[in-house]
Structures are given as structure tokens and as C-alpha cells.
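After the C-alpha cells below, expect a handful of questions from me.
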Amino acid sequence: MRSLITSVLLGLCCLFGSAHAALDPAVLQGFASEDFGERLAVIGQLGQIGDEDARRVLEALENDSLAIGGGKVLIYDGEKAIDAASGVALEAVPEDIDTLTVNNRMRTAIEAAKAGMALFSTDPTVRLTAATRLRDGVDATTLPLLEKALASEQDAAVHEVLTLAVSRGNLGSGEAAKRLSAAIALADSGDPSVLALLEPRLDASVEPDAAVRAAVADAIRSIERRLAVAGAIGTVFTGLSLGSILLLAALGLAITYGVMGVINMAHGELLMVGAYATYVIQGLFQKYLPGMVDGYLLAAIPVSFLVAALVGVLMERTVIRFLYGRPLESLLATWGLSLVLIQTARTLFGPQNVQVDNPSWMSGGIALLGDTVLPWNRVVIIGFAAFVLVLIWLMMQKTRLGMFVRAVTQNRSMAGCVGVPTARVDTLAFAIGAGVAGLGGCALSQIANVGPAMGQGYIVDAFMVVVVGGVGQLAGAVWAAMGLGLIAKFLEGWTGAVVAKIVVLVFIIVFIQKRPQGLFALKGRFVES
Amino acid sequence: MLEVKDLNQYYGGSHILRDLSFEVPMGKVTTLLGRNGVGKTTLLKTLMGLVPAARGSIHFGEGGEVQDITRAKSFERVRAGIGYVPQGREIFPRLTVEENLHMGLASKPASTPMPQRIFEMFPVLRQMLGRRGGDLSGGQQQQLAIGRALAMGPRLLILDEPTEGIQPSIIKDIERAIRALAATGEMAILLVEQYYDFAESLADHYLLMERGEIIMRGEGKDMPAHGVREALAV
Amino acid sequence: MSAEGGSAKRFVLLGTDYVYPRTTNKILRAFLHSKGVKDEDIMEEYTPFGHSDYQTIIANIKKFASAGKKTAVVSTINGDSNVPFYKELGNAGLKATDVPVVAFSVGEEELRGVDTKPLLGHLAAWNYFMTIKNPVNAAFIKKYQDWAKKNNVPNADTVVTNDPMEATYVGIHMWAQAVEKAKSTDTDKVIAAMGGQTFKAPSGFTLTMDKTNHHLHKPVYIGEVKADGQFNVVWKTKEPIRAQPWSPFIAGNESKQGL
Amino acid sequence: MRTPLTIRFLTSMPRKGWLALAIFALVAWVGVPMAHLMLPESSPFSVSAYTVTLMGKILCYAVVAVAMDLIWGYAGILSLGHGLFFALGGYGFGMYLMRQIGTDGSYGVNLPDFMVFLDWKELPWFWVGSDSFLWALVLVVAVPGALAFIFGYFAFRSRIKGVYFSIITQALTYAAMLLFFRNETGFGGNNGFTDFKRILGYDITSPEMRLTLFGLSAALLMFVLLLGRYLVTSKFGRVLAAIRDAESRVMFIGYQPLWYKLFIWTLSAVLCALAGALYVPQVGIINPSEMSAANSIEIAIWVAVGGRGTLVGPVIGAFIVNLAKSFFTVEFPEYWLFFLGFLFIGVTLFLPDGVVGLWRKLFARKPATETESPPPVQKPAAVPEKDEHLAAKGAAA
Amino acid sequence: MNKVLDPQGVRPEGLNDRENWEGPASDGHVFRAGELDLSHKVILYLDDISVSFDGFKALNKLNLAIDAGELRCIIGPNGAGKTTMMDVITGKTRPDEGKCFFGQTIDLTRMTEPEIAHAGIGRKFQKPTIFEHHTAFENLELAMKMDKRVWKSLFAALSDDEYDRVSDVLRQIRLDHEAERPAGLLSHGQKQWLEIGMLLMQEPRLLLLDEPVAGMTDDETERTAELFVSLAGKHSLVVVEHDMSFVEALGGLVTVLHEGSVLAEGDLATVQNDQRVIEVYLGR
């Protein structure tokens, strides 16, 4: 494999700057072979040719649109066919057309070929991607190309990547000075694979020069330190991410249970309602606004809130309002509601999970040092959790309805006696809680399964967060969610996921024994009554 | 303004209110006196719709716009114009003083301004606007409770033992406030008390309750003559 | 391990914690040992049913893979957990070209609930794929799609066939043949008639039931995930292979190879 | 009141009750075995193996329901963790059943199959002695009992009650389920125990064994009912009801509610475990899904349907719900969840005292005497008194 | 047996700080829970008790000593800390600081409610708390002084003596005709009496009574006063009450609480003439 890339790049080196020729159809004929080796050779040749025609063919191959038909290699998009060699459209699509299969090995070769070409692109971002791509596979033979690129490189970021790439190559150089400067340069790397290159060089039989050995040791220490920092950041991030998911799952409950005192076992199903609402909106966008599919999620946010809130209103009006003050009964009745909701979802959408896609702007991630990647969907969800939190805070603290809700919570009959329609406020408050759960569901649809029983998986966690945080305390819920998320993730690092979860649950049980009121207990006389 | 007819109420098998009938006229202070446990608070709870009336009727209003509120919900009664200062104040402990006062406007549109009269009456409330209701002293809470009831400009103000557990200086303030409110002539006031001197000094009319019945009634100025103090003292 | 398969030298055996993944990985580990792979190059990890937070595991895989040798993941993750797993995999930037994942229990049906973009190029091993081109399969797919439409199965227009369905289809037909041969539905008689039954299956081969162990001789396909949730067959056996209920790679099974 | 214990026990139940019990015993121990063994299948009175097993299973459920009622109906503590104790009892006896398989498993080794595929060479320490029937019985009682005792001690000592208690029992059960799902835990992971062959050397699938297990289930139910009867009519029962109604008063007159709650809680757990131990050989499998939250909550609905705070109610409820489940899951599987869901809602809204309460209301000649079966605390008020809402929250907080 | 350490796990200073104790240091007395030492005539001693909720000082360095056999009335406006004081004595609330001793040796701040009840302190709540689903007889039976452990309750049967004792108290509180009615159906006044009866069944050394005559008829109030007066001497009583005529009828020492500490103490007349008391309470 490595030798393949090498040959591609060497070819490129020789050809660089020479006049470019049209593609020879004979070169492409290799694709018709059943033998993957021959196909790989063609890719290599195309890389050496390195012109626009070659690039077009490689891209077609990558996109599954290169085909063999009528004895020719064609670019075929399902409707019309273009001769791959000449770029001329065929009048008729041959009958026996068959798309070429690409496997991972070929994909790797294509990428290498393209990266080689891109190393001398005019666009610095393209060069950066190419340099990054080539960095990991560098060896003595690819070195000259990279050195050449490095020499002419102006862009600082690309320069840095190329320096690291060249240094990796130079590590095996015969000149001690080159090795030394390479080792020093590599100290700036955050790539764990560099460690694998450096470590053997600590051995005197491999690395005779003591100065180089010392530099290598320094480099290893520096890289390890950097990796440790990146690893810690990564763990904290995953903890926060899990915490924000717990928080989103629990925030609705923090209102319905925490503020209103309703034991809503159907809370998980309100999450599910929000997730299915997101799914439906996605479907509508795909059908009617295919050009704006990436924006479906923004539209789904208010819709999932409203749909879940509506379901909440129905629940409150038909069942829950008759059970205020009877927590154990409301526990059982809402469990019944949850079963009804699950079966309803099953009837409407089928028992299987449905597909909710991340919009493209939520795919991928921010690459930190080394292996640590902060995936966009997680970053977005952490942000979204903060957004929902602020939303609730504003709703509860800054609106009249929020003030009524708090007043009703503190003294229901007196709220009625100053003119608050308490029954309506109950309904609205429950609707808000349900709507917030819907928002949670919308967020969860982006990282987890959407199916009829999805809510069941969150109910225990949601209650744990609210109870640990302290009933009636939004701030408590935030601390509890983040704390539990971080604890779970740090534990998972050395106990595995299941044991971590069990330990967290046991921890919660013990914690509640110690502090039955949760982290943020309400203190004072009015709690007693 | 308020007309109560043949009101009956039961609680856990015992007859608490027996055929109560009385009126609270506009612009006057009507005091209802009686010892602990004669049913005063139950009466007020029935008037506010916190417990449903077993029998009898409650009418509210003047002239052509008298409405039957016997079955109305609490908030509907407030909307009709009844302000209520309950026994034990019952302010919202975790709401700020300002929010507590705004709760008094719950029956009005959101844009209704806070009447400044409240702060003139009880200047301490203005200083305390940002404090939590629960952190106020008993006397301050009582003033807050009255302020809250006055916020929406009630046509009938019901006060349940506003002097209970309050220091004398504040009692004076409250007395002054009630007198001033009555003097405007825009408001009927029903004052429920056990504290005789306070009741006597304010009463235009008085009602004396015993075992769920009104056993004596008359003009406020006749209270000493009718021996109301003695009836309360036992 | 071959150049074709990506020349993987390190392996992550990732599964849901139940019998099938445990047994599979036990055999796999023994097999890898036989190919000279050391224990330190094998990472075995299990998650509970319904596990949905793969952040830590994927970080661990990346760390494991960054040690310089080409790494592949063999996934026996079951059911619902696959969606979060693949989503996380894609978002963490692990592409099939870097760390290919071979799944043993992800088929066309599972991919219906998944956004396949991040999965392109990952692999699955089955005895049948819907994309296999032959008349028997075309008829099989058509029959199922017609049935789904007629019976108002939710999302009937997008139903897919998969390996377990094909297996059931084959099984029922073989049973019917055996019943005809035995001229009885009596269990013992049908069992006796089962061995040696053959059936032209949608997988493109005529399958035979082994006379001794009553397992089917089946072809093996390896497919790559395509953007439409179907599989591109990238490797297949030349002919059906005999099932071995007792893995030859596990010590102690030597005497059972004839079974 | 001043009568000796035995007499008190006998008079604790009206004559009609003893009669009903005798009839039940006769049917279970004589009627069903004869109908199963002697009558030909064609006879309309024949009882099929399926029916015997189904009834045996529901009898076990009924025991669980009564145990749940002792803690919920009489002490006001709603446990969402009784599925755990039931399952632990089942696992305890299941270990014995696994060992009885001997070398008949698919690997032909004297180790349970799941240990073989995990590459375990010998039994882990906690399996030591599990081949002894008596030790299995000890495990069935001791493990759930000890767990309930320790958990209950800390929970009740911290004065955790009401919904809080329900939620942490649910967390406990959930944690246990996750633990048992793990293969490393050593109880067969997701698959649990199955493929049982025999008990005390006798074939587990024989009609005689089936009837024996059925008869034992009936006996256990009768024992539990009698024990329950004794408890709720004793002074202990009165203290328990007093704790349910006004715990602080009970403390101020010098009772330590902790030990009372702990006693009934542990007893209830042990009874559940016994039911679980009888259940497992009858259905032939035990796996961690028995510990799922849904199972434990379903137990509560059996009690609620029948009528809590009565002893016969839970039995009736267990039969109604489980027969309905058998019917629905066969005839209309897609409607089972709707039925169960609406049952949960309907019973809590319209039948707070369950079927027994309904019966009493419809056919009451005299009002139920309070001492016999104190009604549950939280009766629905005729007027929804929403102030309680706050009080309840305060109590929960 | 089931002793729960106080949350701080710190021994209250009182144990090491005996020289500050009123009267001579009693070296002979070893700390023995459950044994009431009245060698200094003081049955209840509160020393600098402070309790605060969320910044609000419910009790502020409260000092109080009740003699054995004394009948003491506590008055004070709402929020003065009367109920909190009772909570501290009965173990429901732990004081932030201060000492609370029953007799010379029993440290109440380290005991649970049932232990305190066993030590000999009975409490009546402001709102009558009785077991509404039990009969009046059963209410008294449950309250009776006896071994209250689980095992005994399982096999408990009333002896003739015990039966008579319940009957006696039923007569004393005039509920002998209502013995078999569920207590929930009794009138308010009867419930108050039943709760007092339960207290008597406990045979406590010290009775804490929070507004015992609230909601009673005059007749009932009068009889209650008679009962309390008759109990004094044998028992010690602490009565919290607003009804001044009732306080007058009891005739003991009166302590006025205000903002969590003692404002005045003395007989009713002295207290009534105290200027500060008039200011905060009577002269409102």
C-alpha cells in the first residue's frame, strides 16, 4: 500500500511541470479487469498524469459513477454516459453498462492520488487537507516530494503540517543532524502515531547518536503531555456532552415533577413525541423543500415543543388534574399513559426505529490535538441544552405566566384568591414542561435512536437527575446532570460502560440516603408545611 | 355590596355555619367578631370559594350589576372585585415583594399599572421590593398581604384577623390604612377580628358570631352598649 | 488481513454483551491467534443492550488504532445500538478507509433507521444481500414487496429484504419439501427427511442441508455499505461452504469436526 | 382482645373466610390434580398442562401481589423494586436447577453452558454449594432478605418515603438489571438460566412435578394469606397502619417506625422471593428482564385493580390482569398495551379501592369494619382539594 | 439499640462543659441514656439554643429551665419560636447550637424521636394528630407505655390490667362511649382530648402541649384546665397557648417568647404588666 502511494507521488514528481497529455483510453482499460491489482495500477497512473481529465475519472470512480459499457470506460450518472477518456458524451447508453465497484483499498489509493495532486493546488485549504492526508504515510521515498512542497509553501498552517510530515520522514535519515532537527520538530506534534515512530529510537542500537536520543526522549515527553491534556479535555467534553443529554432528558421533568409535583412516568414518552415530531418535519422537508433539508432541524425545534405541549395539555386535562396531591396514584396513571403513547407511536409509525439524519452542518467535528475530536452534533447539543435552560429560566422568572406558576406552586389556594385561574395555570405549566421534554426529544433524535420505546430508556435517568438536583431546583438539575455525566464518563474510562452506570446508580441511591433533599435543598420554614 | 343569605357549611360531620345571613354595605367597615373556632375563617373560605357552600347564596355587586357568585371559582370572585387578606398572611414566600404585589394584579390585564397608593400607605414595601416575601417580618408580611389585595382596586376588601401576631406600631398603620380606604367611599370592607379594641375603633357595623350563627349585630358605635366586649371575653 | 481487505494488523472485537458476540469473538480470537496476531493487538469490548453512548468506546478505538498498525473493527453490536455507534463513528472522523468496521449483525433492515452517509465503505458479512443479482432473488424481492404493499406494512414502499428473511424463506421451503418427502408433519419423521434437502435460494446458489448436522451449506458474502443503505458485494465465496458447528480454532473441538 | 394467641389467630378471620380457604385448598390439591391426571383430554373438565402451568404461574404472581399489598396497602410504601426480589428468588433456585442439569447441557460438561462459552474453567465462589437443594432454599430466602434489609435499613433510617422511596427502589432494580445483563456477573447474562432438566432428580416436565409445583404455589399463597391476615389484625398491623397514617405521631408515642417498616419490607421481599423460586421451575426460564421497571410497576397494578388494603384484592387483581394478558397477547397483541395502559389510568381514576372496593360499594350490607382492613390513606376527596398537592410536595422534598 | 448519632457527629459541648452547669458539678453522674436524674429539680434545661432556617432565626439563644412537677405556660406572638422549641425538645429539629438536657444527664440533642418519647417526654401537636382509621380505644392502646419493639408487637395481647388502664383514661377524657368509633369521626374537641389521652397513656414525666384547647368549647376548655392542673406535680407540663383565660386558669409561671428568645418570665400578672410584653403582645 505504502509503496503504491510512493509510486504515485514519485510519478508526480517526475511529471510535475511537464506538458500535459490527453488521457490514453488504453490506460483506463485496466479498470475493466476483474483483478483489483490492475485497477489499483490504473489509479496510480491517473495520479501520475494528474491533470483535470484524470481528476475527473478519479472522482467519478469515487462516486460510484465510473462504469464499463460497450467495451469502454464511461462516466455514467444513471441517465447519460460520457466517455471517460475523452470526456465526450455518448449518444446512447450501452446496454451492458455495469458500474465499477470500489472497495476500501481502492478508496485509499484514490485519496492518496488526489492528495498528491492537491499538494500543489492554489487553494491553501486544499493543500492543507492534502498535506494532512499524506503526513501519516510518509517514508523515505515520499520525502522528496514533501520537501519540495515544503520549500515552496507560504501558508503557515500548511507549512507546519508539512514540517511535521518531513520530520517524520527525516527521522530515519542517515544524517544525525537531520534526525536531530526532525526529533526536535516532532516535539510539537500531537499525533499518537508519531510516538510509535519515536519510541524505537530511544534504543541505542537503533539510534546511535546520544543527542538525537535525548531529543527523541524530550519529544516523546512533550507529545505525551500534550496527548494527556487532549485526552483529559476529551473526557471532560464527553462528560459534559452526556450531562447535557441527561439535562435535556430531565429538564421537562424538572418542571412537571420539580415545580408542579406531578410524578410523570410518561415523561420519556413526551421525549419520544418530540423526536417523532422532528422525524415528521424531516420527512416534510425531504418531500416539499428538498433544497432546504439541512434547515429542517430549526423548523423542528418549535414544532416538537408545540406537539409535545399539546400532548401534555391532553394528559393534564384528562388524567393528571384529577390526581394532584396523590403522587403514587399519578405515578401509576401516568405509567398507563406512557403505555398508551408507546402503542400509539407503534401503530402510527411502525415498531421499528425511524431514521432521523443529522443535518450536514452537524456532521463531523472539531479536531483538537491528536485523536480528540469534538463532534459537531455533541457541541450543538451542549449549546442547545444551554439554550433550553435559558429559555426556561426566562419563562419562569421573567414572564407573568412563570410568576403565576411559581405562585401556584407555593400556595395554590392563595393564588386563586388573588385572581389566578389555577386550573388553567396548571395546564399551561404542565404544557410547558411537556414542551420542554419535546425539545429534549428533538435533541435526542440527533444522537440516539428514534423509536416507540425510546422514552423508557430515559425515564430512570431523568428522575435521578431531578431527585439528585433537588426537587424544584433548576440549578440543582443542571449541577446534577453535569456531575452525573462527568462521573459516568470518568468511571467508564476504567470500568466500562455498564459498571460505570451501575456505580452511578448506586452512588445516587447512597446520595439520596445522605441527602434526601438533593443537592440544592430548599431550606426554611415554608418547606415544612 | 355583598349579600349573604342562609349560608350553611359542614365540616367532617359537624355543622359549622348555620343559616348565616348578612350584608356588607359600600363605603363602610363591617366587623365580624367571634372567638376562636366559631366558624369565622370557614365563613371567609366559603366567601372566597375555597370551600363550596353547602346551602344558601352569596350575591355580589351593586345596583343593576349584582351577580350570584355562590358557585363561582376563587379567581372569578377576585375578578368580580373581591380582595382578600387571609389569616396568617399567606404571602408567596419565594416571590419577591414586587412579584407578590404583581400577583395582586393577576386578575387584571398584564399592562395594568401598580397603584402608587399602596406605597403611600405602606412605605416599607417600597424599600423591600427586591426582598423575598418569606424574609419579611410578620408585620411587613401583613402590610404586603394588604397591599397585594389592594393592587387590583377591589370593591370589597376582606381582612381576616390582620392584627394577629403583629406589633402595635404596625397595627396602628393598618388601622390608619383601613380607615382611609373606607373614607374614600369606593370600597366595602369586611373585617374579621378577635381583637376587640381594634374592631371597635374601626366598625361602622358589627356582627357577632357564636357557634356558626350571628347572635348579635348593630352599629359600630353601639358595641360598648351592646356588651360585645363581654360577649367575647367570657 | 489481506491486502484486499486492508491489511489490518490490529483488531477490535466489539459486541453487545450476550451469547452470540461472546461466542463469535471467542472463535475470532482463536482464529487470530492461529494467524499470529498477539493478544495485545486484540481489544475486546462489550456494551449492554440498548447502549447508546459510544463516545468513550470510540475514543478508545481511536487510541488503539493510533499505535501505528492498521486496525479493523469486528462489530457484533446488536440492534438499536448500531445507530448511535455509527453516528458517533462518523462524527469522530473515523472513516472506513482508516478503520473499517465489519459488522456481523447489520443488514438492510437495520440500515433503514440509519443515516448511511458516515457508514460508506464499512463492511458486513452475510449469506445474502438484497443487491445480489439473479432471477431467484429478483422474484423473491418482488414477492415480498407486493406482500408488504398488500398488507399495508408501515412504509411499505421502502421495505427491504435481508439475510434472516432469506434464511427463513429457504427454511420454510425446505421444511415443506421434507414434509412432502416424509408424507407426514410428524416432527421426528420430518427431521429424518430434512437432511440432504436442496433449494435454489435467492442468494444465487442451490443450498443443501447437511446430512449430519442439519446446518445449511451457504455462500458467504462481504458487502460494503452504499449510500442508499444497500450493500455492494466486494467479496464472496466461490461456492456454498459447509457449516462447522464446532469451530476448529477452539481447543477441544478436534473430535467434533465430523459433526 | 384478651384471648390467647391461637384463638386470636382463628378468630381473626370470619368463618366464611376459613371456608373459602378450605374450598380453595380442596380444588388446588385434589380437584386440579385429578382433572389433570385422570380425565381424558376430550372431557370438558380436563385441565391441560398449559392451564396447570398458567394457573401455577398466576398463583405465584398472586403471592407477589399480596406481598406488595402488605407493604403498599398496609404500610403505604410503594415499592417499584419487587420485581428484583422476585427475580432474585428465581435466580437463587435457578442456580440449583442449572446444577441439576449436570452433564446434559449442550457442551456435556459439568458446568452451566454459559460458563463454558465464557471460558470459565470452574464455578465462581458464589456458586459453591448451589447443587444442594437446601442451600438453594437458603439462598432464595437469605439473599433477597439481606438485600431488602440493608437497603430498607438505610432508606427508612433516612426517612425516605413516598415517591422518593419508589424512585430509588426503581433505581436499585434498574442497577441490578444492568448487573445481571452482564455476562461477567456470572448468572448467564442476557439469556439467564433455562433448559432445566430436573428437581431432586425428578424430571421437571413430568405431570407429577407440574402438579407438585402447582400445589406448592397454592400452598404458598394460602400461607401468605394467613400470615397476612395474622399480621394485619395483630398489634403490629395496627402500628403499621398508624405509621402509614401519621408517622410522626407514632414516633412521638415511642415507636421506632424504622424497625416496623423494615420488618414488613423484608418480609414482603422474602415472600416475593419464595414466589419467584416457585415460578422459575414452572415457566422454565429466568432472565434479567424480570427486573425491568415495567414488571415491578405491573405488580402495583395487580394490587390496585384488586383493591389495596385488603388481602383478597391483590389475588383477584393478579388473576384478572394476568388472564387478560394471556387473552390479549394471543388474540389482539397490538391492543394489549392499550388495554393495560387504560387499566392503569381507569383504576386510579375511577376505582381507587379496586374490585373489592367496588364489590363492597355495590353489595355492602354493613360498612367494612375499620379494624379488619383500614382503607388506604389517600382517598380521593369528593372535592379535589388541591392544597394537598403542596403538602405532598413538601413531604416529598 | 438503634442509636443515631447527631449529623455532625460531634459530642455537644455540654458533656465536657459540665462546670458551667447550674449547680455543683455532679461528678457522680455518669451519662446514662434512659435514666432520668432529677437531683437538681430541673427536668428540662434549654441552654442557648439557636435554630435558623435559611437565614431566619427561629430560635435565638433560647434559655429555659422547667422544674419537675411544674406547670409552665409559654405565650408569644406567632413566629416567636414556640413550635420550633417543641421540635427541638422532641428531637424533630436539631439545634444549630446550644444544649438541651432532660434531667441532668439525658442529652436530647443526640436522641431520636422515639428514644425521647421513651425517656419520658410526650407531645401534643397544635393540630390534633391521631390515627383516624383506628378506634379511640386502639389509639390509646397504641400509645400505652409498654415494650414497643417489633417482636413484642407481633405477639402482643392486652392484659386485664392494661385493658383497665385504657378504660380509665377513656373515662378521664370522656370518650368511654366512643371507644369503638374510628377516631376520624370524632369532633374536633374530642380529637384534642383523645390526643391528650394518648399522652397520658404514655405516662410521660414531661408533657409538651401545643395549643391544646384550640377549637374546644368553653366547657371542654374548662375541663382541660382542670385536668392539667390535676396532672401538675406528678408530671411536668409545658403548655403553649394563646387563650389568656385558659392561661389564667392554669395559674402557673408564664414565659413570654419573642423572636426566638425569652422576653419575660413570671406569674401572669407580672408578665401582663411588663412593658416590653405589652408592647409586643398584649397591647397590640
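Note that the chains take the letters A, B, C, D and E in the order they are written out, and that residue 1 is the start of every chain.
Convention: contacts are C-beta pairs under 8 Å (C-beta built on N, C-alpha and C of every residue); 3 or more make two chains touch, one makes a residue touch a chain.
It should be emphasised that the depicted structure is a prediction, and the values quoted were computed from it without experimental measurement.
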Inset, instruction - Indicate the lowest number of steps between chain B and chain C, counting one step per move to a touching chain. - result: 2
Legend entry - Most distant chain from chain B by Cα centroid: C
Legend entry - Innermost chain, where centres are averages of C-alpha coordinates: D
Inset, instruction - Sort the other chains by how far their Cα centres are from that of chain E and give me the top one. - result: C
Inset, instruction - Could you give the separation in Å between the centres of chain A and chain B, each centre being the mean of its C-alpha atoms? - result: 62
Legend entry - Geometric centre distance via CA averages, chain D-chain B, whole Å: 55
Legend entry - For chain C paired with chain E, centre-to-centre distance based on mean C-alpha positions, whole Å: 76
Legend entry - For chain A paired with chain C, centre-to-centre distance based on mean C-alpha positions, whole Å: 26
Inset, instruction - Check each residue of chain C and list the ones that touch at least two other chains. - result: 17, 46, 48
Inset, instruction - List, in ascending order, every residue of chain D touching at least 2 other chains. - result: 157, 178, 181-182
Inset, instruction - Could you tell me which residues belong to chain A and also touch two or more other chains? - result: 410-411, 413, 422, 498, 501, 524-525
Inset, instruction - Write out the stretch or stretches of chain B touching chain A in their complex. - result: 48-50, 73-75, 78-79, 84, 86, 90, 92-95, 99, 102-104, 106-108, 110, 134, 148-149, 152
Inset, instruction - Would you pull the chain D residues touching chain E in the complex into a rising list? - result: 1-5, 8, 157, 231, 234-236, 238-239, 241-242, 245-246, 248-260, 263, 370-371, 374-375
Legend entry - Footprint of chain C on chain A - complex, ascending: 1, 36, 64, 101-105, 107-108, 111, 191-193, 196-197, 234-235, 238, 241-242, 245, 349-350, 352-358, 363-365, 367, 370-373, 375-378, 447-451, 457, 489, 492-493, 496-498, 501
Legend entry - Touch list for chain E against partner chain D, complex: 2, 4, 90, 92, 112-114, 117-118, 122-123, 125, 129-135, 138, 141-143, 145, 148-150, 153-160, 163, 182, 198, 201-202
Legend entry - chain A - residues contacting chain B, complex: 400, 403-404, 406-407, 410-411, 413-423, 524-526
